[in-house]
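I'd like to ask you about the structure that follows.
Should a chain be cited, it is by its letter among A, B, C, D, E and F, assigned in written order, with residues numbered from 1 in that chain.
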């Protein structure tokens, strides 16, 4: 099959032990749906991307239903720059005018999504790209007319994602939405992942980030939380201890768990195979959020 | 429901007659799959696009399974120009280098496909965008290394399109392909439509074009053929009577019919609701191709 | 397929417009069940009967589930006369003795039902005759022993009609009933249609009649109601404004709507294709009854 | 449930023995389809009819799929007489003109069929009447234009009967047919039973008659055959040894067995519960026909 | 099939009558589940065992779902003796030490169960042996540590028995249980039968015993009860009128009926085919227990 | 879940690598059926038995369908001795008289099977014991009347095992058989495993043994074959190079592969988790047999 790695220093006995120890975890997650928000370095570093694609296929094969959700901030920035598009800003947020919206759509659906779909397909499980506009999955309203086509989700119809899971596919979801007139909107991918997890009644909601986990104090590396409850996180959000970029993730974790998702994880996507480590071994990585 | 049109000059009796006369056609096509290659003016004129989207939904509701296939030549040209991309040409054909391939993907998946999906969704039936890379639907090999990422289809796996039809969705297919390494390729949309029709065992393959139909002599407007056989078309192809842009369509019609598709149609997409006219009335529009 | 009618004065453009305008109606009624009480001229005029049979098939093909219900008053009268049967009357109502009951059964099941089944089958959809005695669909008790075998429905078991709809058939129901001993009874077809619509949870209950619709004043042609609520109709019934022959229809409309049927229609069966006009066009025909 | 019969002289031990001895027969016929042509005294004697209805229900409950087929010769004669209809004859066969055809339809569908359906329903299994015109089950052509609407079966589409069996119903089939124009025809019930058994791939074809079985010599009561092969019967048919009324039955037996029906039975319908005796006991009744 | 018994004194007419009279009973029990506790003489007398196996198959074929439950007291005693195993007793109950438990398992699963499975298979229906340990069907806790491996049922998971019924098999259940550590336990077969009937929502719970039925006074043969209510039996249990060996049966009957089982029967297993007599004839055998 | 092992010297990175490397193997075997003949030390050493039970559950969870087959030679010997049963021998083979047969049945069904079922259930997947007598799975004839109840398989009906796999259970099969009279027979477990693999169309047939694999020369430890073809093994069988105890295994491997099983494995059951090592790692253990 695959060529044995001559450098491998792991003994056969150790290999067997690692596999055997995965049993209770595999049994526990069998048949469960996991929504995985893909982003950060794992999206831009080719080796990490390949490891991620392989992990998602392994999850699928051992009976878990992974649903991958992604945005594409850096890639959007890059195309805007390339097209010489000067941004307009309102309250410090970029205005998404019609031209920007077209660029967002082109990047998410035409670049990020097919690359990830193709990478997963290469590992042997059928990945299928989905836009939040397909079958009106994400319905939105405009957040603020001054911001242009930035949408807030009003309704999630997860039917097509469920059908894909029934058809043994791996859905890869780009976070676009539609309003009542059929107009496309950009939506926050972290928030969309949480809303989709809720609509699917997922067991877990996982965020791949570029940090080691949630800190009780954003400036104290030693304050990393291995476990947190939703009420703890609410307090941290209230106290301003959470870093700006983490706020939508933390808010979505809390909201999703309060509406039925069992657990959420903030994982360090800079570690190769971090999904396998978190799900199938005793190694503690990142922050696990539970109800409480 | 809809507001009655006060200007309508069609009598109730005539309306009833038109509907009643559609019965034998609806009965005949019930449960059949039709692959419709969408392109030309119908893709760029908003009113024609809206009429097309409505027609596709009507086909779906009366029990036909439409599958829409599209490319996006003009939109690709436009973005290339906007990005100041200078083309390289080999034997008069544009070379698709990596940057061009990314642009093709962005236009097809990020612009053309979601616009059409959204337009169909607006008429009340669930349209879902599909890339030929999803679940490795179109597998390709490079046509010519000098041309870059231009692919020839080697295998069509129509499973996901069939599942979408089983799930009562309208698939809207963008014609990208994948090679064995996961690399994306551009493929001719006319050819891809024919190959998909064949893989689906479709009843009909329909091309929306900007011409009235096939002419026996490309320069003689009066030589329009209402009906043609595959052998007739083979002769015309051999004699050079077919206009360059029509060649892939005609070749795909002939190939598809010889591999099991029942009939093909070259329709004039400049006529609003041309699909309804061709399928559900006695009005003769375009050229119908049958085996022979 | 069908020969184009050379005399047709309806332009291709108009034909396309009529078909396209049917879309919102077809979408709206897709998958819904409609119980259609067939009677009056439409049952005795061959051209109207043929148009009715075609319309029912068209409804079936566009995804609606029509269920046809019929009695056969005029045909029963005719056979009674032919057999020289002198009627006995109680309170002005004909007594249904054993011999009359046999004649009713012969006419409904042996004449009216198979003719209609055959006419629908000719248009290409499988119609199947059903007697209310089959599988004990309509259970009845005697209305009044002085009237003989005239039954009032006590229970409707619509299982076989549902199975026929699941099997893609068009049920054509003759309104006979059975008591606990297995004895056959004659039942009012208008009432049976309403009871069946209710048991099926039908979307619509449609009566084909020989009048233009319900009048607010039975003697004033100009008082035709295009729309009516159940409470309006209750008032009219109380005030004596409703014509005798219409009373069972109006009462059944009101009862059915109050038990879950969404709308009822009193249509003028003397107009060819009146079903198509009412369901698929903006033309106002007859009276539509809604809850209120 | 049922009141114990105080006069019953059969001991408990004997009752248990009879039931236990039925086991191998019930096992053998489980899941098999049996077409039973009902006729003769069993159709006209109320006690025999009740016993027949009960037997059919018992067959159904023990896992056999009975399909009952009937004509109605005597009842047709009786109505013709009552209506003062004088018959015209060609070659000794009654001409079925339009009026006669209507009478045939009224008697079969309006009298014989609902009576039998109701009798079976009374024993607790759902019987459903079927006309050979329903869903175009029996397609026919005219036998001889001089004979009027007498049809020969050209095609049997047993779909609706199969669906009824899937839906756990007992189909009761009246033997009418339809030509390509939708016109009704009378067909020989014995022949129709054989054709239906063949179309259903039935295990057994059973004729209830008024005779003890097939005789090797029609005039010799002692020549009764308990078992016969198709080739034996062919010889008897050729030699003129078969009584006129039995010819269609015997011919149908032979034809059905040669096209896949496993066995046929000519039973004496004058014996109460003859079906149970033949199927579930060692008692020899009637003639069993097998391939050979 | 079976050779007619030349000595049979039962006339064909009587045979037909017995079969016809079974109809209302077969109709009544069709599709119902019956848990039958097999034991006593019927288990040790080869002729009675063969009759029982045949009866169970007949029940299955006429549409009833029999589930057979057995213990094996006498056979266990016999093997203990053969192995020279001296019993230890606590409060007069045998202590089930590890060695005894192994013997119980060997006898129930290795002797009694396969013999009965094989006997039923011989009559033509697929019997499948089931241990209460399979798929953790019977979960238990230790009754009393002094008694060793004697278990009380804490939970019944009847999934595998239901799947066997769905797969048209006859489950034959040996009454072993498992505790949380996977240790095997012996459980009272009468109690297990009642608990399983309850978990299956069975219609009937039947005990085959070596007595004629329940007596109001255990010492008065004339006090046999043909029918009893649960409250009557509760009184008898309270008053000490019930014989020791019957107590678990009577308690299980009462408990099962109070938790949804419709009726219970105490039958005399010494009568051949007692199941058929009770279920399909008017003959009164044993005691029937109903709610009250 | 499980307590992290503080002594574990395998780094998180190594653990992730081992799991990730299992992906291609899991993908390859997904949905495949594997028949595993369990025996030797793995059956008698409690730690190895626990590891085996865990491995079987892991196989099940990652989408493989394991079917476990076992005999029980040593345990049978032990009970025979305990019962003081003196064996009779014919041509060096033990005669299986009725008493011995009962002992075989008690050991296999009453001791070995439930122990293994219970051990697998403890790891969280539903194991169900199956006797080859259930539903007449293994039909046999006597090998030699002098040997008593030693059977050779004449027919395998794997229906119940397939149903168990459809019901997501792990079948654990004891190798008993039945002849036409219902008599139980002992059958060789190695042979039965091969026959069952063939009947199931299994992908793999795996033998757990107490040796390192097949040797080209039974006396030369260095002649271990890592891979062998069926023709190689046929030669070795012919040349007498195969050790006696291995002959039925090798013959069954060859026969099974020639009748459609894809591969067979002779594994060293003395190594803990040998199944995981062979199936999911690059470590070479035992001998793999392929067609050739």
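Note that contacts are C-beta pairs under 8 Å (C-beta built on N, C-alpha and C of every residue); 3 or more make two chains touch, one makes a residue touch a chain.
The structure displayed is predicted, hence computed values, not measured ones.
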item	value
Partner chains that subunit B and subunit C have in common	none
Turn needed to bring subunit A onto subunit E - CA fit, degrees, nearest 5	120
Mean-CA-position distance for subunit F and subunit C (Å)	68
Separation of mean Cα positions, subunit F and subunit D [Å, integer]	56
Chain contact topology (line, ring, star, complete or other)	ring
Touching residues on subunit C, where the partner in the complex is subunit D	82-83, 102, 105-111, 113-114, 117-119, 121-122, 126-131, 133-136, 159-160, 163, 167, 169, 176, 178, 181-184
Subunit D contact footprint on subunit E (complex, rising order)	1-2, 4-5, 8-10, 12-28, 30, 51, 54-55, 57-58, 61-63, 123-125, 272-274, 276-277, 280-283, 285
